[in-house]
Amino acid sequence: MSVILAAGDPLYVLGVDVTVVVIAAIKVLVAFAALMGSVTLMIWFERKVISDMQSRIGPNRWGPFGLLQTLADGIKLFFKEDLIPAQADRFTFKLAPYLALIPALITFTIVPVGNSVTIAGHTFLLQVADTPIGILLLLAMSGLSVYGVILAGWSSGSKYPLISSVRASAQMISYEAALGMTVVTVVLATGSLSTHDIVASQAGGFWNWNLIRLGVVPFVIFLIAITAELNRPPFDVVEAESELVGGFHTEYSSLRFALFFLAEFMNTITMSAVMVTLFFGGPSGPVPNIPHLEWLFPILWFLGKTVAFCFAYVWFRAALPRFRYDQLMDLGWKRLIPLSLAWMLLVAGFLVSPAWGFSLAAISLLGSVALTRAFEIGTTREVGPDAVLPTVGERPLPPYVLRRLTDGEDN
Amino acid sequence: MTITMPSVNYLAIAPILVLLGGSLALMMIAALTKSRVSLGVATVTSAAVCAVATIVSVFQWSDVSSHGESTTLAHAVAYDGFGIVATAIIAVTTLLATLSARDWIARARTVGVEFHILLLAAAAGAMMMAQANDLIVVFLGLEILSIGLYVLVAYDRHRSTSSEAALKYLLLGGFASALFIYGAALTYGGTGTTTLTGIAYFMAHNFILQPGVLVAGVGLMLVGFAFKVAAVPFHTWSPDVYEGAPSPVTGFMASVVKVGAFAGVLRILIGALGTQATAWRPLVAALVILSTFLGAGLALVQSNIKRLLAYSSINHAGFMLLGLWSATPRGVAGTLYYVMTYAPVVVATFTIVSLRGGVNEDLHELGGYRGLARRQPLLGAALAVLLLSQAGAPFTTGFYAKFAVLTAAVDAGGAWIGVAVMVAASIAGYFYIRLVLSLYDTHDSAEVVTVPRTSAFVIAVGVLSALVFGVWPGPLESLAQHAVLLLP
Amino acid sequence: MRSPLLIIVLLLLPVIGIATLSVRPWDARMTTRIAASLTVVQLAVSLVAAVGYHSRGGGAFGLTYRRVLASSWGLSFDIGIDGISIFLVILTALVTALALLGASHGERTFVRWILLLNVATLGAFVTRDLLLFFLFFELTLIPSYFLIANYGGPARSAAALKFFVYTLFGSGFFLVGMVYLGVRHQHIFGGDVTFAYDELAKVALSPAAATWVLVGFLIAFGVKSPLFPLHSWSPAAYAEAPTAGSMMLSALLAKLGTYGLLRFGVALLPDGVDRVRPYVMTLAVIGILYGSGVAAVSKNLKRLVAYSSLAQVGFIILGMFSGSLVATNGAVLLMFNHGIITAALFLLIGGLERRRGTSDIAGLAGLQGPAPVLAALFTVVMLGSIGLPGLSGFVSEFLVLLGAFNAHPWWAAVATTGVIFAALYLLWAYQRVFHGVAEGDNATVADATIRERSVLAPLVAAIVVLGLYPALLLRTIEPSVVTSVTHSAVSHGGGQ
Amino acid sequence: MTIPASWFLTLAALLFGIGAFGLLTRRSALIMFMCVELMLNAVNLTFVTFSNSLHDVAGQASVFFVMVVAAAEVTVGLAIVVAVFRRRQSNTVDDLSELKG
Amino acid sequence: MTATVPDLLVFLAAAAMVVVGAIGVITFRNPVHSAISLILTLLGVAVAFIEQEAHFLAAVQVIVYAGAIVVLFLFVIMFLGVDEREDVTVEPLIGQRPLAYASVFVTVGGIVAMLSRGGWVTGASTVTGPTAVYNGSTVDNVTAVGQSVFTTYLFAFEATAALLIIAVVGAVVLARRERSVEGGESA
């Protein structure tokens, strides 16, 4: 049992005693608190950045620069009336927000925030848990996180939320595959599933980052796929205000609504952190030689990179128009999945030998040509005129009968 | 860290590769050509693929004859006469089913090259079962076969019974798969390996004082198989599914599933767990008795020919199980011979049923067959021969099939079970002969059935196989006899 | 001529007939002509074969030929004739020919079924391989089923069904018993499994096993013969079948049962015979009495003959199971005689039925007046059946009773009453049908046609000749019976 | 391992039984599918338990294949449900009135 | 290895999740509730996997089952709108339920009895390859499973490709929307 938490963490090597348990508990608490705190900051950050981009002032009443605005909003939501629609499935309706929140919290456990530190004779990683299945936990949790949305939409007993649910489930399944395959490319390069190992393998300068090592393509795919998984703009068809009036959370109010909100922003932060871990070397970066403070710089590097991604998400939201639902599906199935598959083959091939790499590249190229043609044909067939045949009962008439009917003569 | 990849004997898995390759090729053609793939192209391609697989199995046979049996791919695939013969049967039967389906597809206007893709892949699954030397491979083969069939059963989208039958089949098939794999898991726990030869080796070198785990595992696997081959009391799905599925698919189901499933079960129970025969034989005996009697008895009261043939197929499953019951090489040969001769006959029978049943599969009442032979002597005679062969009439292969499994059972000390199944056979003989008689009824109600050339070919093959090898049984007999099961 | 080719020709002739008739639809006359001429040739060939066999002497099989068809199943094309089977072969050819000549309406399929039945019966009589025998034995079922079901009287379906189910049910037991024998042979002697008669004769089963196998054989052959409790299909089938079918059924198929019982039961399983003897003999005697009794009260001539056949078969089985050589000889002779007599009877009744549209005794009276020749023919045949000294029936029944009496006097004594019964019911029936005053349609009944006379002539001749000179057959039959009985005695002794 | 294998095996048997029971008694096709999934999960648990107590990785590899099969079965199964449902607005097996079995 | 108590607690938690979830699946009237219940069971099984050192499978279990299969279920339920309640009080067939009770009870009881009589596990250890040792060197669970899949089960692995293809083709065939004309070249 312990192995799942302890694979790479030197904390557990010497056995478990009270101190170890205390340290582990403190790690969990610190991570939780930091995450919660950063969510409030993130919300403020998003509103502020968007207002800046739109030449507005944004929140500015509460606290310096409006920093406490989020807190105020939270208090407001807390005291609002808790409505449950009459048509709702009460149990599921109440359950859904928690299902949304929990995966977001758990995912963060695998993110290495900094290097190892030593306190009270115990060396440990600045990471809640370094599990041997590390990155698989990310996939698992991103798989689970969709339940919040699906069940919330369904249980509301209302049309728009239901459509949102259907969209969410389809979207999740569509992008999960591409996401998984890019993660596999990272794992191939590292040879380990552990996020600690992934970060360690990228140490020693930005040219070692997976971003560079694997070519930029996996990162781009990952970014797109994760954005879709997060239902962030421009892939927010699930909660599109203009189409679905907010989608799955239309019927939610009060604290439950706040939980969804919390989950979404927490996910944004976590995924930014995961992206940093997978492609940008995590906490790695130049460390100035300042005694007793070596541990601090990796954390700062990590935070810096993460904030950059958070900013990117906000920027997307401000700058990009929303995808149409069918475009979203097309992008997922027809572009990202084939591309990520081809890239995965390529990476695997070059890891074995250049010969393999080039031959797999050639195969991928051929495959992409074939795929393009198949899509083309599929499209032309789709739009082809639907000739209406006369039917007998439910079954169309056989063509030879038809020919006789239309030719008007029997040869 | 080095990984030693297992060596691959490509000839050993060539038929499987050929079928899957053909399936894939059809898929590619469908995806990459502008016009839709015509039925002709699809039929010719898949028929050619099956023919190639059959020819390949001839080469395999001579290879195994000269070099002996072996396993390949890390003991996952057995390369032995038994597997080759079963594979060849599957290839030939699939060829016939393809041709039989051609006319149905043309008439029913459910165009789509997917039919052939699925048919070939399902047949490849059956071949995997036939050649498997690992419980997991058996399971995967079973699933490939079953999943292909679920879709094929639902293929007629103009008829709601088709998809309903598929749903029923799928639910019970899933249940059966779960039972089987649970049994496989317990067997794994009991022996520490999933390889069949490994299990046999383990059994040979260990004396198991408490075989509880194994007994439970074997029992569950057997029940799973009983579901798949529709042995009583696990047969309840089969009449409905036989009725609902498109007739050529029913023919394929009645033949290839039996070949694959019996090949798999013989490998597992006799090849690997033959030493535990005392544990599983009572269960098989119960299945044999129940299947033969209830299959024959319930067939008597059917008024729909597809349901009747479903019960008849249950009855035949009972006979095939008799070879398993005997748990001897002779039993293996007997069951192999049984499926070998039953397969073409049943495909041909369902071809006629398909022609007679009409596009909407709504003309399956037995009354509709009255006087068929009067109006269309050749077609009627063909159906009569096919039915008589299934009844086990002398000088048809059906008789030797029953004889072969009966001999095996008596040889294994089962004269009592032999007597029992022969009584059941006489009940079965009655409903067959009654149907045959109604074909020759002077009461002329049968409409004229047009027989397209491909269907005629399939029917002719079925009839000739029953008659020619009925008079001259030597070749098939020695084939079955020499198809030795791989033993460690 | 001692070549096995003769037998193969025998088997091929009807096959050629079927093939020829399938080529194109000949008219009824031509169809009958083709088929009948082939069977007449067959009869001639069988006579040649008989002469060839007899000239060789001894009781063993002659004209043998063996070719393995499927070694692992022990299936071989193994043919030959001996003193027991040769006369049944002749009988088969003769009855088929007469059935085609005297009782066929020339319908193509009908004739083909008759020919198929002929080849199946013939095949069963000439094979020495039990499996092949079984194949032919079973094959007879299909044509006879169709003959009854498609061409029979008003209740034909039920009759055909009963016939089919009984026989099929019975034959399963034979198959299992036979397979058991073959497998035992393999267990003892090794090698491939075999069903060759000579080989199986070497197998010494334990008495219990032998009894079980014999019981299986008794069920199968008892149904076909028919033996008393298994007979209930036969009156209906005989009565409903068309005349030709009745002839074939009673004259040939019933012999198939008794022949099988003698050859494969009595000869192969002496230990079993010892155990079941009292029961089987009792059943046979019951059959004789029951058959005679029911025949006496039958209201229909065909049923009457059917029940009388039951009684006759009772005699045959009594003879075979009495354990006496004399009685066994008598039984074999009776097989032949009964075949001829019963065929003649059915032919005559068929003629009456054709004329009057019924075979109910109540509807017939005083036919002697308008049809004297018919009556005369009937008289001779009937007397033969009764067992009048000087006619064939007498000799065989006498031998059976004599042999049986020496061995088991009580059974024989009771069985003898059957002879008296036979005289009673046949004479009574004759009286009702032919004596008295002919009224209505009965008064205008046509006498025997030339064709009928010529068809019946050989049968009547045979009845008379064999009555006067039974040694013609007996001297061929006896050595073979001795061989098979000693043969079994040897194996019996050898097995201990 | 501190938890005996027998506990897990019993748990798996129980799960299998519950799944089988559901499959036999429920009529909704979707729930019947879910019951098949329960049964397959019981199988997985059994495989893993044996794998663990035999110190043999084959059992875990087998689970991998069972999962693939489960996924494939569900794909096709749900497609059939959709096909059936498109024709008739119900998903209970008893309502499949055209086939009486 | 760690102390017994946490292991026990984890086992109890897993067992509770599994059993409660499974019972939920078969008793809830609403398919969506059953699906939620199913997730609980699946997670319970995943926990049991972790407890037995099968980390990789635990993750895959969550990803494949919870992440994909149940989502698919929910998708279909919502897509078709079949979330109405099924009346579970009506017996499907007379006597089917008692029969199901009996047969399942007998089967499960039989299996457990068999297992206990058979000493639970009787197989030989490490026939195929140990869980954590491969080619003499200690590797982690993921590696061991991966190596097993690509060596011992290579053929099975390739067969899954066929399986998935056939499933995809089948699903497409079945779910494809009927159009009034489907190619006319068949004649």
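Per-chain residue numbering starts at 1, and chain names A, B, C, D and E are given in the order in which the chains are listed.
Basically, contacts are C-beta pairs under 8 Å (C-beta built on N, C-alpha and C of every residue); 3 or more make two chains touch, one makes a residue touch a chain.
Just so we're clear, the structure is a prediction, and the values are computed from it rather than from any experiment.
Participant: Shortest hop count from chain B to chain C along touching chains?
Facilitator: Minimum number of steps from chain B to chain C: 1.
Participant: Tell me which of A-B and A-E has more C-beta pairs in contact.
Facilitator: Greater number of contacting C-beta pairs: A-E.
Participant: Based on the averaged CA atom positions, which chain is farthest from chain A?
Facilitator: C
Participant: So, comparing C-alpha centroids, which chain is the farthest one from chain D?
Facilitator: Chain centre farthest from chain D's centre: C.
Participant: For chain C and chain E, let me know how many angstrom lie between their CA-based centres, rounded off.
Facilitator: 68
Participant: Using the average of all C-alpha atoms in each chain as its centre, how far is it in Å between chain C and chain D?
Facilitator: Whole-Å distance between the two chain centres: 63.
Participant: Could you put a whole-Å number on the gap between the CA centroids of chain A and chain D?
Facilitator: 29
Participant: At what distance in angstrom does the C-alpha mean of chain C lie from that of chain A?
Facilitator: It comes to 90 Å between the two C-alpha centres.
Participant: Enumerate the residues of chain A that touch no fewer than two other chains.
Facilitator: Residues 396, 398.
Participant: Could you check chain B for residues that touch two or more other chains and list them?
Facilitator: Answer for chain B, listing residues that touch two or more other chains: 106, 109, 136, 140, 143, 147, 150-151, 154, 157, 163, 186, 188-189, 192-194.
Participant: Which chain E residues touch at least two other chains?
Facilitator: 1, 7, 51, 53, 56, 60, 68, 72, 79, 111, 115-116, 120-121, 123-128, 134, 141, 147, 152-153, 156, 160, 163, 166-167, 170, 172-174, 182, 186-187 - these are the residues of chain E that touch more than one other chain.
Participant: Of all possible chain pairs, which ones touch?
Facilitator: A-B, A-E, B-C, B-D, B-E, D-E
Participant: With touch defined as at the start, can you tell me which chain B residues reach chain E in the complex?
Facilitator: Counting only chain B, the residues touching chain E are 1-6, 13, 20, 23-24, 27, 35-36, 38-39, 73-77, 105-106, 109-112, 114, 117-118, 121-122, 124-125, 128, 134, 136-137, 140-141, 143-144, 147-148, 150-151, 154-155, 157, 163, 186, 188-195, 198, 202, 206, 208, 210-216, 220.
Participant: Which of the residues in chain A end up touching chain E in this complex?
Facilitator: My answer: residues 1-4, 7, 16, 89, 91-92, 95, 131-133, 136-137, 139-140, 142-144, 146-147, 150-151, 154-155, 162, 165-166, 169-170, 172-173, 176, 180, 193, 386-389, 391, 396, 398-400, 402.
Participant: Taking the complex as given, what residues does chain B use to touch chain A?
Facilitator: Its residues touching chain A are 28, 31-34, 106-109, 158, 359-360.
Participant: Can you list the residues on chain B that touch chain C in the complex?
Facilitator: It comes out as residues 330, 333, 388, 393-395, 399-400, 403-404, 406-407, 410-411, 415, 418-419, 422-423, 425-426, 429-430, 433-434, 437, 440, 472-474, 477-478, 481.
Participant: Given the complex with chain B, which residues does chain D contribute to the contact?
Facilitator: 9, 16, 19-20, 23, 29, 32-33, 36, 39-40, 42-43, 46-47, 49-50, 53-54, 56, 58-59, 61-62, 65-66, 69, 72-73, 76-77, 79-81, 83-84, 87-88, 93, 96, 98-101
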